[in-house]
Amino acid sequence: MLELQGIRAGYGGVEIIRDVTLSVNEGRVVSLLGANGAGKSTLLSVVSGLMRPWAGAVRFMGTNITGWRPDQVAEEGLIQVPQGRRLFTKLSVMDNLLLGNTPRRARPMRKQLLQKVFSMFPILDQRREQLAGTLSGGQQQMVAIGRALMGAPRLLVLDEPSIGLAPSIAMEVLGHLRDLNRDGMTVLLVEQNVAQALSISDRGYILENGVIALSDEAKALRHDPRVLKAYLGV
Amino acid sequence: MDTLLQIISQGLVLGGVYALMALALAIVYSVTHQLNFAHGDLMVVGMYLAFWGMHALGVDPYVAIVVIAPLMFIAGFLLFRIVFAPMLSAPHLVVIQVTLALSFIVQSALLLIFTSNFQTVHTVLSGKILRFGPVMLAAAPVLAFVASIVLALAAYYVIRHTEFGKRVLAVAEDRQAAALAGVNVVLVQASVFAAAVAVMGIAGPLVAPMMVLQPSAGLHLTLISFIVFILGGANNYLGTLVAGLIIGLSESLSSLYMRPPELAPAVPYLIFIVFLLVRPKGVLERAS
Amino acid sequence: MKQQQLSYVAVVVLVLVGLIGAQYVSRSTLDTVIIALWFVYLCQTWNIIGGMAGQFSFAHPVYVAFGGYTSTLLFLHLGLTPWIGMFVGAAAAMAFAAVLCWINFRQQLPMLTYALITLGVTVVAVIVLHTSNFLGGHEGLVIPRGDAPATFRFADKKMYYYVILVAVAVMMLITLMLRHSRFGVRLLAIRDNQDAARMIGVNVLRTTLVASMLSAGLGAFAGTFYAHYMSVVDPSIGQVELAVQVVLMTAVGGIGTTWGPLFGPMLLVPIERYLSRQFVDLAGVGYLFYGLVIIAVLLVLRDGVVSWIAKTMRSRRMKSKSQGAQR
């Protein structure tokens, strides 16, 4: 569904992504892992159109979306939940969700999407009119995911959804992702918590020094000695 | 005592207009983080358009607004695409330079077309006086004041209660998150800018009968807008309104009480300087 | 160091060209060149604090006014020759600049805020100039014309030209010396990142104070020159429009570059003058084109013409180097 080929990107004069090629097949959960500063968020910025790559191509469902504006990418159905929630704190929960429904493709389905989000996160239904900035970390993450879901994504991209969350809440979030995937959602997940990410993934990519150092089925990576040593401290 | 009431009313009326100008500036700044040094000049363009309509076509300025406002909306949209959009990620310094140059161009163009002769604008309300108890006010300023309040309230309503307004707030808070959610950020920015210019196109003709037109009037208006904007606090609509009234009042009161009276125009700037010195973190820094 | 020596040679060459060329041009051309050079001088002095130190200030006209008014007042009331009076004016400007600089430092003012404060200061200053009877009010102070070089009054216009030419050349040398000195390096460090500069031991307050005072004091001389060239000093010398022009002209040439302040005015002033003269009936044509040129340059060549030239030359040099290496 999503294909990255030979991506090279960076900021100013500094190269961060040297040469990345990866793919996400429909209906799968794929994890992109790596140490802090490896460039995972940079790669996601390229995918979502926040940044133009210096070289390489991004293809989504066959269409070359390299260099497209972020709203155009969202319109195609590739929707990202950015790192750190990035909610509109001065707006209500409801307003945040509705803003996620901006893509024209998703607008006709507004009612159904809203219902799905509220059934997945009932607490948001209770706090519809509350200002998003006053919610707890975990609740904010739910709003962030809900906002993305309101865009009727075909591929959901998440940048470190468990960051800053208590472990139990993080597990809950990942559980929701697994449920979404069971219902058919394709997911690309960037995570620092390797164990948790791999536990719900089908496939994993390890980003190191700007290139993909390892790429394998999640099952295999979980037992790979290199992964165990570098990221799981074993 | 009557003179004092008179002066106060005049100051408030002026202040209302200032508040509107500052509000337009503030909303544009919130979505673009660009401080437009040509802001006042755009309003002067509106004034001169009204003058031209009256002088060359015999159209009353209040009627001309119906044409001037949409015209300026379109012009504002194009202006944003051509000049401001390329500068969206440029440092403040560049924006200052380019908008100063823009201000320069507008002033020179106006000078060229209309000459430096002072011009006055007459409307159907010229010379009409309204009486509010002991206070007598010319009709034109009152209309300008009422219109300013109405426009300010309209802006408030649009921003807080329409889908477009929510997008504006989203872009103002977090441009990238808004883009990721599917908002066409540049379109929102251009629309807001164009709307602000259109508002100048409404305010200009309304204010024109109260002033003597000259091409260089823009700088003063720009600076007053900045002062009110900063004093009022960026996202604080009520604060901007209050600040506008304060500045308007300070201008008119100082013209009455200041010794020597020629120093009166300096008062708003002195207030401004003191305020910036005391609260420099103010409003602009959340932006950069 | 070769480029440095080349620059000094270039200055000498330009002075010679200027001296020789002056003999062959018409009066109106000379007038244009004098005005252009005056702006060059203003831009050069502003560039020290605005370009090299990165402190965007709109207060430059105030320093110019300090210079012009002080030396003129001393001359008219005390008979003090402006050649000395201008140093008094410069001292006054330096004191004022020091105050502004200190406030900026003490309050840690963000750049935009400081720019707006200096803008406000300039507006207030002009209002004060208009209001004060002692300072001549709207009309300003008139300096009687005469043939008295000892008191900065020349009968021959060419003498004013020589003075401003020498002033510009001296400023160019000062700029070059600053650029290549440790002081200049400190200024650039402050411009790029004040906190980082402080961490490597740069005394930010002292360095910016020196730069501000230098910029203001030298700028004040321009006020005295203008007063004597025009035989009058009035509030227009301190107006905001002057600050805007200085900033824009320097921006076209390249803020912070060495040759930018020379290039900008030398390009723009003649254009404006020529057009104004050609289309006398159309007041403002000159300025309109001037504004269009400015905005075109700013939009296309963000950092000004001189920086663009430098960048192009640098990339060409790198290309030939890499091609050479491939062989």
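Order of writing sets the chain letters: A, B and C. Residues in each chain are counted from 1.
Just so we're on the same page, a residue touches a chain if its C-beta (ideal position, glycine included) is under 8 Å from a C-beta of that chain, and two chains touch if they have at least 3 such contacts.
Note that the structure is a prediction, hence the values are computed from the model and not measured.
Peer 1: What chain lies closest to the overall centre, CA atoms only?
Peer 2: So the chain nearest the centre of the shown protein is B.
Peer 1: So, comparing C-alpha centroids, which chain is the farthest one from subunit B?
Peer 2: A
Peer 1: Just how far, in Å, is the C-alpha centre of subunit B from the one of subunit A?
Peer 2: One centre to the other, that is 43 Å.
Peer 1: Return the distance between the CA-based centres of subunit A and subunit C, expressed in whole Å.
Peer 2: 53
Peer 1: Just curious, how far off is subunit C from subunit B if you go by their C-alpha centres, in Å?
Peer 2: The mean C-alpha positions of subunit B and subunit C differ by 32 Å.
Peer 1: How about subunit B: which of its residues touch subunit C in the complex?
Peer 2: Touch list, subunit B to subunit C: 35, 83, 86, 90, 92-94, 96-98, 100-105, 107-112, 115-116, 215-216, 219, 223, 226, 230, 260, 262-263, 265-266, 269-270, 272-273, 276-277, 280-282, 284-285, 288.
Peer 1: Name, in rising order, each residue of subunit A that touches subunit B in their complex.
Peer 2: 48-50, 69-71, 74-75, 79-80, 82, 86-91, 95, 98-100, 102-103, 106, 147-148, 151
Peer 1: What residues of subunit B sit close enough to touch subunit A in their complex?
Peer 2: It comes out as residues 163, 166-167, 169-170, 173-174, 176-186, 235.
Peer 1: Taking the complex as given, what residues does subunit C use to touch subunit B?
Peer 2: So the residues of subunit C touching subunit B come out as 56, 103, 107-113, 115-117, 119-121, 123-124, 127-128, 130-131, 240-241, 244, 247-248, 251, 255, 282-285, 287-288, 290-292, 294-295, 298-299, 302.
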